[in-house]
Amino acid sequence: MTRLFHRFLQAIPTLFGITLVAFALVHIMPGSPIDALVPPDASADVRAQVIHIYGLDKPLPVQYVLWLTHAVRGDFGMSIGMRVPVNQLLAQAIQNTLILGVAAAFFSFVTGTVLGVLAGLNQGKWIDRMVSTLGLAGVSIPAYWLAMVMVILFSIQLGWLPSSGMHSQGQEGNVLDLLAHVVIPAIALGFTPVGVISRMVRTSLLQVVKQDFVLALRAKGLMRRQILWHLLRNAALPVLTVTGLELGYLLGGSILVETIFAWPGLGGLLNSAIGLRDIPVIQAGILLIGTLFVLMNIVVDFVNSAVDPRIQRT
Amino acid sequence: MEISIHKTNHKEKDFKRDVMDEIQENTQTRRSFIQKLYSDPVAWGATFWIVLMIGTAVFAPFLTPYSPVSGNIGNRLMPIGTPGHFLGTDEQGRDMITRILFGGRMTLLMGIVPVAAACLVGGALGVIAGYFGKAVQSIIMRCLDVFYAFPALVLAIAISAALGPGVRNTFVSLPIVFIAPIARVTATAVQQIKGLEFFEAARVSGASHWMIIRFHLIRNIFRPVFAYVSTLIGISILVASSLSFLGLGVTPPTAEWGAMLRSLQDALYTQPTVAIAPGVMIFLTALAFNLLSDSIQDALDVRS
Amino acid sequence: MKKWMRKSLSCSVAATVLSLLVVGCGNSASTPESKQGSGGTLIIGATFSNLPNMDVYPDQGYEGRRFVGNQLYDPLIIDNPNTNSFDPGLASSWESKDMKVWTFHLRSGVKFQDGTAWNASSAVFNLDRILNKNFQYYYPQVAALLTARTKEITSYQAIDDMTLEITLKEQDSFFPSDVTQILFASPTAIQKYGNDDYQNHPVGTGPFAVAKVVPRQELDLVPNKDYWRGAPKLDQLILKPMSDPATRYAALLSSQINWAEVPPTETIPQIKQKGFQVVTKPYPHIWAIVPDMSKPPFNDKRVREAFVRAIDRKAMSDQLLNGASIPADGPMYPESNLYPKDAPAFDYNLDLAKQLLTAAGYPNGVTIAVNMPSSGSGNMWPLPMSEFIQQQEAKIGINITFRTYDWNQIITQYRAGFSGPMADANGIAYSLASGTLLGDLETSFVLKEPQGSDIMGYDNPQLDQLVRQAKASTDPAGRDKLLAQGWGIVQSDIALLPVVHDLNLRVLSPKVQGLVTPATWFVDLTTVWVSK
């Protein structure tokens, strides 16, 4: 526990740095934030008034401190583009991104495990090579392109699945409908980590195979299927950890996939906010992604070391 | 492309062994590395594709009679197999093969140059961090941790958005993305070497920092760092084309595969095979780099 | 071709009457079948990248006004650009003897969607909100956006419960066109929610009311059963922001929407073949590059002419856009009675363009920067269009760097002009869809910010004189003649670099019925229904 606490303490300077990056980026952006706030033909006093309301008349360091103190309290202000509290937008967006992320992680976990087991059981044979090439293909394929190809195929040509959005009209609560919408984006997004996961499964499997207890099981004359089950149970934790870690990386890939599918998540929100120079949203979005990413890393690290004490030494 | 940095974590653990190999069997490994690579058919295939791409990119103007930027609007969106336009034409009536040849120039540049640039900066930072002791290291690493806190693509998009679209800005934003992981890998490699006998010996003999870094360090960390950096080129190609696809990278009319996918998006439903062609090129080229990098790692025996 | 799309005489007459979104349609435009039936859910894939703000001056350009502003609210009177006249809205009639004091007789029996009565005091409340700085509910954000429309007003008062009087600084026969742009919100709702939050709970007198808002995803509207012009036929109207043409097309094909604004042009043949309804019609619109005439190279008319002549606008319309536009020689569209028939045309001519450029002192060409929107209201297909222009201009040595921005950003830049954030640009690609043809000449080419939008730095005393005359005119026919002359001057001066006139391409599912194809940017959704 102290170790986890220690890791959190270590992360504090990083989190602080993230806030600096989030704040600095939007101030490097071309175009004054004021132009996004007030129409340029507004009278001088209106302009001054709005500038004051947003605190833009203060020096940058003061603005940063003000923004930070609000952010720490979870107050990110109002979206300029949408005139609703940023919190409300982010809360909704992160929820939708998580739905997509979990679906994608599920896809890559299942596919990666199956492929990894196949490869591990056929070490050195052609299946093994195919799987490793497929894994590399996953990292080499542009997710947005895969998404486009799948839309043409499955939505337009075959008409099996919807082409965009998160739910059909009037089907907001329908889980099946949501599933139909999530299939293509989740596969497009989840294809990338398949390679990493299958490689991980294969490695863990091979490591476990070498261990004595497998030989013992074999000696006991257990069926192949039963042995496999034991193998999987022993290889499961590291694989789950990797999948968890990949969830963080899916967060990054989502920005493109969400844009293509009009999926109302964090990536899409950030992308449109960048287009609109919606500063409060950009800042909060970058901060949120960075923080989630760091926390996810800590948790994965912790789980890793809890599972495998050897990791602590390195 | 999201995987890049994650891979590092695994790599790091292997460095110790790798570096040991390095020092103990220096000459021997070098020969066996090349031999291994030489006897790997996948490496051959990947290298062939990469050389082909580089060759066609360099000689693009001599390979096609058409202009990559201006077309004949009357011939727009011709299907694949049209006489004179084997891969069809794009939405402006430009020959697709020509665009793909010229687009390869941009894509290869954006795969290699940012990684090379990041290698210089990140490598230097890593050497400094690893070599000059704990205090320096923790300052540099804490700063770089901030860049580590974002998925590569998010960071690239955020920086590109801040700098504005254009090729020049892509060449700024992409290296920034890769500096942190390269620095970390380098620092780890340096640390491993620092504990070794020959290194201590060099220090005791009174060699200057610069001499030690120059003659003992860089030579010995080159291969593990190289193995890692080779994994980044494929990623760089993907991230760069994603930026162009979002309109944050290369701007029209310059041909670039990601930008071509963007401008052909409207034709996706009428000429799908033409519209997805640039994506096939991105995929094959990134795959070639990744396969080659994989073979390099196998040959260097970096993999667990 | 669907029956209801035929352009019979009666249809086009009715369409003219109807152009105004708000005026009820005689059924003359509809075929017998389309008279029957009602109900259904209309789901529109609109071009905005985000839901417009819902105060009385929605953002996202005229697309925001078309699908949100005009569905929630009504103005006092409604513009009819095709005849350059006006139709009654929340005012059943209006008059002015001297063109200076205007009296509006308000429509009786109209209620806001929250039950608040429409009368002179609610009208004054709305005017106070944008004009009276001491008013408790004065709202500078909206006031600033309406400056160009309220610039002439010196005072206003309720004469009696149903009569509003507005006094202007000077004679202004264009004033009705300004009035069409001012929409009226329920005072009760503004008082209840306050200025900032009001736009999340908008209440107007319009045909539709807000049922649900899902930010970034959709806006659900329900019909206002008590609408003064008759309840809309639909059960539900849903707006979805979809800024990408391919996304709109895919959504239409997979039945996620049943009405797509501007799909990719290359899909037109495919769309027709699949049995969808393809709707186009000329309306007052110009897709142009607005030049900065205060600095080189566009300060020289020869460069502007070279620029226009270098673009093969016919090839652009016929080939690139598959017939979804008509080539333009000037800002006024040919169907208008204000169209200057005698004004010079600038046919595609590369040799002449090169000569002009050389004569202007650019024998080796010139490099310029142009800002453009990535999508949005009436901007058609900005990416392929700009790339086409880029290629064409390169042939005579004009090298253009196009810089893409979100549509809302472009509006902001445009309003700020070339001295603002786009000081380093030589032009801005901008679409001007006219909602108020009468005042357009003055606002776009005579008045500078903030009264108008002549950001080009364009000045022509002859034009100013003509507009002054027209403005003071009490005779509509004479006035229109003067205005047509004025549009001719603008066209021959090449104050805008004309490219094409849009044809308002939209695609509807075969189930969408009863639409009377409008000859304006705006559209009347009260006649539409969706069959099962």
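When the chains are written out, they are named A, B and C in that same order, and each has its own residue count from 1.
The criterion applied here is as follows: a residue touches a chain if its C-beta (ideal position, glycine included) is under 8 Å from a C-beta of that chain, and two chains touch if they have at least 3 such contacts.
Bear in mind that the values here come from a model prediction, so they are computed numbers and not experimental data.
*Asks:* Which chain is most remote from subunit C in terms of Cα centres?
*Replies:* B
*Asks:* Report the most central chain, judged by the distance from each chain's C-alpha mean to the global C-alpha mean.
*Replies:* A
*Asks:* Between chain pairs B-C and A-C, which one is joined by a greater number of C-beta pairs in contact?
*Replies:* Between B-C and A-C, the larger count of C-beta pairs in contact belongs to A-C.
*Asks:* With chain centres defined as C-alpha means, what is the inter-centre distance between subunit A and subunit B in Å?
*Replies:* The computed centroid separation for subunit A versus subunit B comes out at 22 Å.
*Asks:* Taking each chain's centre as its mean C-alpha position, how far apart are subunit B and subunit C in Å?
*Replies:* That pair's centroid distance is 47 Å.
*Asks:* Compute the distance, rounded to whole Å, between the mean C-alpha positions of subunit A and subunit C.
*Replies:* Each chain reduced to its C-alpha mean, subunit A and subunit C end up 41 Å apart.
*Asks:* Among the residues of subunit B, which ones contact at least 2 other chains?
*Replies:* Where subunit B meets two or more other chains at a single residue, that happens at 164, 265, 268-269.
*Asks:* In subunit C, which residues are in touch with two or more of the other chains?
*Replies:* 250, 253, 374
*Asks:* Among all residues of subunit A, which ones touch two or more of the remaining chains?
*Replies:* Those would be 30, 151, 156.
*Asks:* Applying the document's contact rule, which stretches of subunit B touch subunit C when the two form their complex?
*Replies:* Touching subunit C: residues 69-71, 73-74, 76-77, 91-93, 164-165, 247, 251-253, 262-263, 265-271 of subunit B.
*Asks:* Of all residues in subunit A, which touch subunit B in the complex?
*Replies:* 13-15, 17-18, 20-21, 25-26, 28-30, 132-133, 136-137, 139-145, 148-149, 151-152, 156, 192-193, 195-196, 203, 245-246, 248-253, 255-256, 259, 270-271, 274, 282, 286, 289-291, 293-294, 314
*Asks:* Given the complex with subunit C, which residues does subunit A contribute to the contact?
*Replies:* So the residues of subunit A in touch with subunit C come to 30-32, 35-36, 38-43, 46, 49-50, 81-84, 88-89, 92, 151, 155-156, 159, 162-166, 168-170, 260, 262, 264, 268-269, 272, 275-277.
*Asks:* Could you pull out which subunit B residues touch subunit A in their complex?
*Replies:* By the definition above, subunit B touches subunit A via 1-3, 6-7, 12-13, 142-143, 145-154, 157-159, 161-164, 234-235, 238, 241-242, 245-246, 258, 261, 265, 268-269, 272, 275-276, 279, 282-283, 286-287, 289-291, 294, 304.
*Asks:* Taking the complex as given, what residues does subunit C use to touch subunit A?
*Replies:* Result: residues 41, 43, 49-51, 53, 140-141, 143-145, 147, 196, 199-200, 214-217, 238, 240, 242, 247, 250-251, 253-254, 256, 374, 405-406, 408-409, 412-413, 415-417, 420-421, 449-450 of subunit C touch subunit A.
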